[in-house]
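Chain nomenclature is as follows: A, B, C and D, assigned in order of appearance, with residue numbering initiated at 1 for each chain independently.
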Amino acid sequence: MKGYGVIKVGRPGWLEKEKPVAGPLDAIIRPTVLAPCSSDTHSMHGGAGPKENLILGHEAVGEVVETGSMVRNFKPGDKVVVPCVTPDWTGRYIQEGKYNAHDNGLMGGFKFLLSKDGTFAEFFHVNMADANLVGLPENIAPEAALMTVDMMSTGFHVVELADVSYGETVVVIGIGPVGLMAVAGAQLKGAGRIIVVGTRPNCVKIAKEYGANDVVSYKDGDIVEQVKDLAGGKADKVIIAGGNAATLTQAILMVKPTGIVSNVNYYDAADTFTVPAPTWGLGMANIDIRGGFCPGGAVRIEKLINVIKHKRIDPTKLITHRFDGFEKIEDAFMLMDKKPPDLIKPAVFIKW
Amino acid sequence: MKGYGVIKVGRPGWLEKEKPVAGPLDAIIRPTVLAPCSSDTHSMHGGAGPKENLILGHEAVGEVVETGSMVRNFKPGDKVVVPCVTPDWTGRYIQEGKYNAHDNGLMGGFKFLLSKDGTFAEFFHVNMADANLVGLPENIAPEAALMTVDMMSTGFHVVELADVSYGETVVVIGIGPVGLMAVAGAQLKGAGRIIVVGTRPNCVKIAKEYGANDVVSYKDGDIVEQVKDLAGGKADKVIIAGGNAATLTQAILMVKPTGIVSNVNYYDAADTFTVPAPTWGLGMANIDIRGGFCPGGAVRIEKLINVIKHKRIDPTKLITHRFDGFEKIEDAFMLMDKKPPDLIKPAVFIKW
Amino acid sequence: MKGYGVIKVGRPGWLEKEKPVAGPLDAIIRPTVLAPCSSDTHSMHGGAGPKENLILGHEAVGEVVETGSMVRNFKPGDKVVVPCVTPDWTGRYIQEGKYNAHDNGLMGGFKFLLSKDGTFAEFFHVNMADANLVGLPENIAPEAALMTVDMMSTGFHVVELADVSYGETVVVIGIGPVGLMAVAGAQLKGAGRIIVVGTRPNCVKIAKEYGANDVVSYKDGDIVEQVKDLAGGKADKVIIAGGNAATLTQAILMVKPTGIVSNVNYYDAADTFTVPAPTWGLGMANIDIRGGFCPGGAVRIEKLINVIKHKRIDPTKLITHRFDGFEKIEDAFMLMDKKPPDLIKPAVFIKW
Amino acid sequence: MKGYGVIKVGRPGWLEKEKPVAGPLDAIIRPTVLAPCSSDTHSMHGGAGPKENLILGHEAVGEVVETGSMVRNFKPGDKVVVPCVTPDWTGRYIQEGKYNAHDNGLMGGFKFLLSKDGTFAEFFHVNMADANLVGLPENIAPEAALMTVDMMSTGFHVVELADVSYGETVVVIGIGPVGLMAVAGAQLKGAGRIIVVGTRPNCVKIAKEYGANDVVSYKDGDIVEQVKDLAGGKADKVIIAGGNAATLTQAILMVKPTGIVSNVNYYDAADTFTVPAPTWGLGMANIDIRGGFCPGGAVRIEKLINVIKHKRIDPTKLITHRFDGFEKIEDAFMLMDKKPPDLIKPAVFIKW
């Protein structure tokens, strides 16, 4: 079968591979809507370690083509939403009841890219199908559902980590698709003022539609001072959804004692955080620093779909570019790699 | 000075009393917007124990007329929002960090009605003014701010107790003003489906505007069965904002194992809860039953005002009847006591 | 194969049944140490609904005799500790991250007794062996490990639900084996004063060894008044590990506003809780009422074994009666049914 | 009056100052047992910013000599325990219900040293006496109570931040008096294995008595590798109670994904944390980094005294050196500054 991915570091392209095989608990899926993500391009460039001959892609809605002998809830032909995190639900860390992305270790639940081929293929494999797939509801657009599997799950996760409560002042640094979902997620936690840090006009526009009250730009000077001026002091919570290692220090400087800095930015392996002790109150500030990977599995994604179904949010605003046809994965991927200013999220629609 | 309240159980009326005196930490306030609450009429009828010669009222926005010698943040002439709960912040239970309504004991922070005269007066007293008063922001309508001090704080509290998370199915039983705020509060916690139990048309209309997806009526049969039919099973969380002792049993029957029943209904002293053991899974269901009194104090109310200020919600939809003039407190109170079907919340505007 | 259980309601006895069969993820175990539990005798009497031709027993340490084709961590001959709750880890409620006893519904993770034969047999079946079995560490006595699978997991669970923190006054009502583990568990959460309610002398003795400071007896009058006299007021937390429906009301009466009542008593299907509204502060007290079933699975039990291994507690004090030989299951069971005053917990040791 | 403190940076000595004055809510105390702390010597050396003409000391048990007009619970002659953190309980951050050390801002509740003279004086001042003082119980040794006000509150706080649960593997880095209390506190949270990092023989001895199972020394090589070898992998929680900026990186390296690093080490203003992004899982590890200042106030300290009273722990093991007489404050302070290997904590007993 055909798939699109990384041939070797820095060289994307089409690959020819064996069709994956379903174990007793697994399913094989054919994608019908796909989206490239900056983690895919990051992987192609070797940012998370060298990869070769790997099909990329981890966001997909599709159709079941085959199920293992022990799968009970799905059958070929079913339309399904596929979480980007598909945990082994028996994992040690999951048994402890938190953060299913780490089933048996760091990001162990993120199978695509990390331990097997991804979704940019004629067929792809999903482990523990009954626990990880969600039937696509009839009244939900597939591309809306597609936005839940990573963008919304990640953007909402960072809000959950920040433990946003009614009326709090929340800063969101970075308003790419994940940051925008964090803005929407913060509004859906009852935040008071939401201040975003970003510059691209269409992102700013959508940030405001999702609930941002104020916008701060790197281009207008030190973002820490701008936020403090606007907020009349420090924020209750600061969310990092973009930037580099220095952003962490800025975030800590923006948050009040007893506040939380919450991160979903995926740093580069070569980054180093450098935080002066006074920034963190010499260790005395009771400022929590948190950060993690998006949760997955069927129930998580079903709940996010519920949020859409009941009209709390429309995540399709993220989709700025639409492509038709399997072979257009390449164009969509190259667009994501180039990141033109008007791009938020591309989606590829496939008819088989 | 003049005040309106309970002369003796069951007999409301005007009272003549001494103007209250401010201790060093306290303030004396003259009300400019007031709202009667069903707790006031309940108290008049003796529902929370016999009261006599007591000025009623606990929801007010007003103007500072006098401050104690140790008050630093307020001065005569300041326009202020007055929480209905004004804790003694040094109380034992508060030091433990939860539920400021109980400063030194059950509802100890609810000073109006319980330990002193209320706000339906030419002047009323506020303890610990610096920690309990909030300056009225310029761009907030006083009647919007008025809705935070009890209705919104209570309605949001019951959502906080229910620990509503993204995409959950939430039932709100009772859609008077508190239940309506619970609906809005649940939407602002990212609830998925919100099912309300209620019948009055204007309440139903506003419930939908605040985010309710489905409405169940007592008039159409057993509410437990109706909710389960709609939700395709049991709900994640059930909120009680009205009803009687039997409502608690119904709520438990609607909630799934591991779910939460959360109550802000003020039961009558003569009520008894009667819950068959199987309803609560023979004690094995990990269904939490919670219920409490609204938090107060300056920071709580300031945060709720932030929610309004940043356009997350407009609580003035609750105000269905407006009265002008101090002497109209009586009409507003009698209306609240009669509860005509089109009433949600009356407000009295006073110019001095 | 032979097994001991309930022939029909009220009639215990030996049963002849087919040896269970392991599915691909499962294991078949031969018990080497067993303990009857009051839930077994309760089931025999029909307390949790009529049962017939069912092998009882849910506490066991044993040896693996067969494993399914997909089991990776265990092989025949391995000595294992078997949690009494062996969840289907892919269950909906588990994916939400709490209370694994309810995998797909109320007590769904409690497979023994509820959905299949128990452990009082020559062979018994364990689902999802890799996620539910724990290798018996070499330096742990099997009977110590046996005490973790229900007694310690349940007794510690009720303390976890009560969220005991440093220095709190904690009441434990009922000092059978579960209540005794709750006492030990409360001490291991840093409780201040621990007051127990119980009468049997050897239970009282062990309660004190596990950390109880004071003992209150039903025989000396109203336990609510006794506790309040001793504590100089109400307790921070009240744990129910025995009693009947009326105990819940007593527990609420003993706990302060903002406190927690936490239950692991298994009520009878015929019980009804009757709680006057003022007892629960008319719904305003912020007293949480919680109760649930013990968690299970490999990681939970491994952690409890760690508690023993590192000398925090010796749970074998619970074992007051020892029996040798498979056929002695009957004597042990009948002893548990009779509950003589000197019995806490019997154990049956089996050599094959 | 006489007091001992810092004349100018680096120069300790006796000072002559005015006796402090009690406001209406305050009290004046005469110390009867005192302990110097490394924060006092740190302040003398200018570690937390330059100070001059300041009386040091923040750990004291004493006798009330004067009370303000609004103080209700205490009177001259009362023996009291004085928390080192005495918050203004009306502070904004306290109203939010967490971390009372920060009443109105970073460490705002730590009045001694930071905003007024300390306890090494003939008389010292305590704000909000009713809410901040604790009567010394008759059956508690004053020097045991003295250990609660900072050592135990800080050592237990870091365990609370680490959210230690039953059976977890916990590492405590640094076993000075605070680290030792963290060991005791972790045992009192039901930790499984406790691994400490330290070298001084008497500290190691007491760490074992307080529950440590294993000891790792900096002298035997890389502590990260030693801990991982001992634990057979990473720890659930890592507590920092000593070290320097590099210790934070080591702590993160020792903790598993989804774990917590919890800090009470007071870093130097010149320190900088330098953490490579992969150490923190590129931001994806869901490892929380927490750290803060010890809580105070009457209820906190009362609860810690309850822990002692009910025989959960004996903190007087920390006191290795005893001095008699007010003038011996100097010797005790100089000993703390020199930190000989056999010192854990000195105490000064004063008769007036």
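FYI, contacts are C-beta pairs under 8 Å (C-beta built on N, C-alpha and C of every residue); 3 or more make two chains touch, one makes a residue touch a chain.
Just so it is clear, the model here is predicted, and its values are computed rather than measured.
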item	value
A-C or B-C, whichever has more C-beta pairs in contact	B-C
Classification of the chain A:chain B interface as same or different, half of numbers criterion	same
Cα-centroid distance, chain B relative to chain C, in whole angstrom	41
Residues of chain B whose C-beta touches two or more other chains	96, 98
Partner chain A, residues of chain C touching it in the complex	24, 70, 89-90, 92, 94-98, 100, 128, 130-131, 297-300
Contact set on chain A toward chain B in their complex	156, 160, 165-169, 185, 187-194, 211, 213, 302-307, 309-312
Residue ranges of chain D in contact with chain A within the complex	48, 93, 96, 98-99, 101-102, 105-107, 161, 240, 245, 256-258, 263-278, 280-293
